[in-house]
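There are two complexes below, and they share chain A, which is joined by chain B in the first and by chain C in the second.
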Partner chain A sequence: MTPGAFASLAALLLVAPALPGIATKTKSVLTGRRGAPVLQLYYDLWKLVRKGVVYSTTTTWVFRVGPVVVLGSLLVAALFLPLDGRAAPAHFAGDLVAFAAALALGRFALVLAGLDTGSSFEGMGASREVTVATFAEPALFLCFIALVLATGDLSLSGMLGAPLAAAWPHAGASLTLVGISLFVLLLAECSRVPIDDPATHLELTMIHEVIVLDHSGPDLALILYGSALKLALFGALVVEVFVPRAALAAPVAVVVLVAGLGAVAAGVGVVESIMARLRLDRVPQLLVGASALALVGIILLLR
Partner chain B sequence: MSAFDELDLRNRHAIPLAAVPVEPVERFRETVVGAVRGGWRLVTMFGMPEGGDDTRLIAILAHDARGALGATSAVVRDRYPALTPDCPQAHVFERELAEQCAVCPDGHPWLKPLRRHLPDHRAPCRTDVVLDPDAYPFFRIDGEEVHEVAVGPVHAGIIEPGHFRLQAHGENVLFLEIMLGFQHRGIERLLETADPVRAVLVAESIAGDTVIGHVGAYCGAIEALARSRKTPRAQTIRGLALELERLANHIGDLGAIAGDVAYQPAAAFFGRMRGECLNALMTLSGNRYGRGLIRPGGVAFDVPAAMAAELRAKLERLRDELSPVATLMFESGSVQGRLEGVGVVPRAQCLALGFVGPVARSCDVARDVRHDHPYGIFRFAHIPVATAWAGDVHARALVRWLEVRRSLEFVIEQLAELPRGEPRVPCGALRPEELVVAMQEGWRGEIAHVVITDDRGGIRRHKVTDPSLHNWTAVALALPGNQISDFPLCNKSFNLSYAGHDL
Partner chain C sequence: MTTASQIVLLLVVLTDFAVLGTTRMRTCIRAVAVQGFLLGTLPVLLASQLSVHAVGLAVGTVAVKAVALPWFLAWAIREASVRREVEPLVGYIASLLLGAAALALSFAIAAHLPLPALKEPLIVPVSLATLIIGLLVLVTRRKAITQVLGYLMLENGIYLFGLTQTERVPFLLEIGVLLDVFVAVFIMGIVVFHINREFDSLDSARLAELKD
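What follows is the complex of A and B.
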């Protein structure tokens, strides 16, 4: 691992909990409120890790293992992203499948842990989470295919590294569509408005939040940190597509990444301030729309 | 013309109890069923212990177009043929009767405990119980793919307790059953037994968000029985308080509906503006919910000219601030997409089951006590009735918004020139052996207090009917066919009271 790659990974892990805070703060300011501090999640995590854990008697080891697998799989996925704009700590041809598989494994563990509680709420949330994923995953792969076609490289390090900067002049339209599609995916994968409402207290309407209702203490801290990290990962994807950083000096690349993540989080906050959440049965339509955008990007590259 | 004409029963106008006919139960049943078929509706129906084994059933009906009220009664023992099969409006009242008075309505299709308590108005010589308060037979749909979701009585938000049981197929709701009664405090017994000073406090606490509504109806009943005449000034101040309560709650509801669909701008701004209306009530009464303001004989506090001017300026500013937010909400496509076509209450169902308030007005049933059975200030200053036709969440939100605008105009207009007079005049002793129906259009709809005095001028029976009692059925019927994830939104668009239902 190069020092640059290490520094950018460390930066990502460090700033991740600030991103939901930035989104919430943006939303609060835009709707005329003061809002919670940007660093609220850090305080929450610190509070939670010092707390005890309560396990329901109906749960098994599946429930306890869930949060660890969730966070672990996200950390593995982070290793495949060229966060310094050059090369990822781990990369091989086709690692984009490994990236998606790591995300899917995390989700699988989360959903199993939810089902393990036997609560009808969590079962419902699990069903919804998987439904959303069914539509989000093809969109992610279509985005990757467009990137592969644009850069001619089969690893994330190549697709999002140096070849990407070279591809922008001739494949700008496709890459823009891919970037937008990835932003919609970020909203879906990270349970933000208009797909899910992270601020709601209504269990019957939740998608992601309802699966983790039974987790407490350090387990919940892992889940919350995992959610923030997922937002950071997808944010990094969006930033990397729009801002190729291979030509920048390593420290500058890290600073640009962090600034970009902040901008993406603020963008999420803006979306949450200007629109209502979609009706649940409309969510697949939005995700199919994201797939369509990526597909148009692919078609533009095939001509 | 109808059988009730010679009674001359009107809103807040006491009549001798002896004038209310006592019919044989078969005849009583025919009278009520026939009247409801002829355009009357059931305001309330309740039992009054008559000594020995007997219970007197009393039905109060209203004809909204004529502004008339009717009453009839029958004396029964332990059972009588239920009205519900021929008059669905009676279903909830007969469940209440079975539970409260241990009188069994034979042939009632849905005879389940309403509030799950033991009879508290049973005839003195009877000891039996018709409904076991501890056993609630839930309706269940069988099938391999049908699943049951139980919500409450403890909810995620800071709301009242109620249990909802949904039979669902995937995300689709097949059936919703609502079990209430967790808030039962024995309000009617308290109102009948407490001394008058305390009873008015009980009346203020029937539903925490409808203080003015209930205490206004309570005082209306007491004043009618005492033949006390309020001054125009007192009537106007009561009207102001009632409309401010409506404003606060309607604006709060609009914000809450926006919040449920995650539309932040409207949720945040309406939330703040609700506070402005509560503050206005605070200025009037010293309490954000208007407690302590309305007392038999008038109002406890006068409104000095300076206060009226200050309130008026504040409300005019509020009027200017409200419109842009409402426009933002109602014209946003993403919000419309969530509200339209969800939780539809069909007009025919509303008429058959007698829903009231904004729920009825949102499916084109123009029912408003202020307009149909005017009282106090509303006899002189008319507020147009706001209606919509679709009966969905959007229509209910729209009716609220229209009412907000009209109530605000009313309040601003009335504050400009308050009539003179004493804020409060003494309220004398109650006349013996009389019956009065005091109705009031609270923000949720028709509040009815029926008070019957005994031979010494004490209170013999005090029946409270909150609009929620009528309208909870609407929630249960509006949900099947919708998405389970739309249930909270749907429920919020009705925003019914648990305490008002449970009494």
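What follows is the complex of A and C.
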């Protein structure tokens, strides 16, 4: 692993918990409130790590393994992203499928852990989470296909690295569409407002939050950190599509990545302030819309 | 190269999809207004040099398609106080997918059309797509107002196609077409208003009940 790749991965892992904080802060400021501190999630994580764990007697090892698999799979997914804008720590032709598979594995583990509690609320949340994923995953692959067509490279390091900068002049329109589509996917995958409301406290309306109701202590810390990391991963995808950084010096590339992540988080906050949450049966419509955007991008490239 | 006109054409496609995907009538009207504005900027962006012809066409298009007609349709909705939901016959997701299929089809057709070399090759597929999607909206939406919107999009597609020949078609003819559309929509709006007064609904399916 090059120092640049290591530094950018470390930066991503470090700033990830700040992103939900930035989103919440933006939302608070725009709605005229003071809001929680940006670093709130760090405090929460520190608090949770020191606490004990309570396990319901109905749960099995599936429940205990869940949080570890969630975080582990996201860390694996992070290894495939060329966070310094050049090459990822791990890359091979077709690693975009491995990236999507790692994300899917994390979701699978989370959903299983939720189902393992035997609570009907968590079962409902699990079913919703999987429903959203069913529509989000095709959109993700359509985005990847568009990127592959634009850059002619089958690995994430290639399609988000140097070839991407070369593709912008002739495929800018498609890449813009892919970027927008990825941002909608970010909202869906990371359970943000038009799809899910992270601030909700009513189990009936939750999607993501309801699955983790029974987790406590360090387990909950792992899951909360995992959610923040997932936001950072998708944010990094959006940043990398819009700002190819292959030509920048390694330290500058890291700074640009962190700044871009902050901007994406602020964008999420803006969306949360101006939009109401969608009715559950309208969510597929939004995600099919995102797929349609990526599809238009593909058609523009195939022409 | 990605030029300003390409981006505008792309935004036109996005407004097409916005009309297919939104549930609110007012948002649909806004999307069509934005589309009208985008179409208005195109003659200026495509013209090799800034001529009175191009600017006049742009100003006329923006005035009619982006300001007058949307305002009039919004007025018709308000006055007729219809329900604000679109009520499609074909669901939103199916409409979006059909829209994507229409776009693919229009790219395929445009590749085979024996057209002279154009300054902006993207304009033909986008015009065909807007035309087909307009037709789709016209056919699959139940409300009379959304059918007017579909007609407007259909006309926008034709206008886009006309832009490929903008250097050759006389100014008066284009303004004449614009005026035609304006009058047509005006009459449609008034008809819609009267349909609503007679039937207490804008559901065009109920017009089939008209028998002597």
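Note that the second predicted complex is superposed on the first by the 303 of 303 C-alpha atoms of A that agree within 3 Å, B and C clash if a C-alpha of one lies under 4 Å from a C-alpha of the other, contacts with A are read in each partner's own complex, and residues count from 1 in each chain.
Methods note: a contact is a pair of C-beta atoms (placed from the backbone, for glycine too) under 8 Å apart; a residue touches a chain by one contact, two chains touch by 3 or more.
The structure presented is a predicted model; accordingly, all values stated were derived computationally and were not measured.
After overlaying the two complexes on the shared chain, residue contacts for A:229 are found with neither chain B nor chain C.
Of the two partner chains placed by the overlay, only chain C lies in contact with A:177; chain B stays clear of it. Look at A:296: by the touch rule set out above, it reaches chain C but stays clear of chain B. Considering which of chain B and chain C touches more of chain A, the answer is B.
Once the two complexes are overlaid on the shared chain, A:120 sits against chain B while remaining clear of chain C. Of the two partner chains placed around the shared chain by superposition, chain C is the only one that A:284 touches, whereas chain B remains out of contact. After overlaying the two complexes on the shared chain, residue contacts for A:201 are found with chain B alone; chain C is out of touch. Shared-chain residue A:31: touches chain B; no touch with chain C. Counting contacts as defined above, chain A residues 282 meet chain B in one complex and chain C in the other. Chain A contributes residues 27, 30-33, 120-121, 123-124, 127-128, 193-194, 197, 199-205, 272-282 to its touches with chain B in the complex. Put simply, chain A touches chain C in their complex at residues 169-173, 176-177, 282, 284-285, 288-289, 292-293, 295-296, 299-300, 302-303.
Contact residues on chain C toward chain A in their complex (touch as defined above): 1-2, 6-7, 10, 13-14, 17, 21, 23, 92-93, 96-97, 99-100, 103-104, 107, 111, 125. The part of chain B that touches chain A in the complex is made up of residues 147-151, 156-157, 170-171, 258, 260-265, 267-269, 272, 332, 334-335, 337-338, 342, 483-489.
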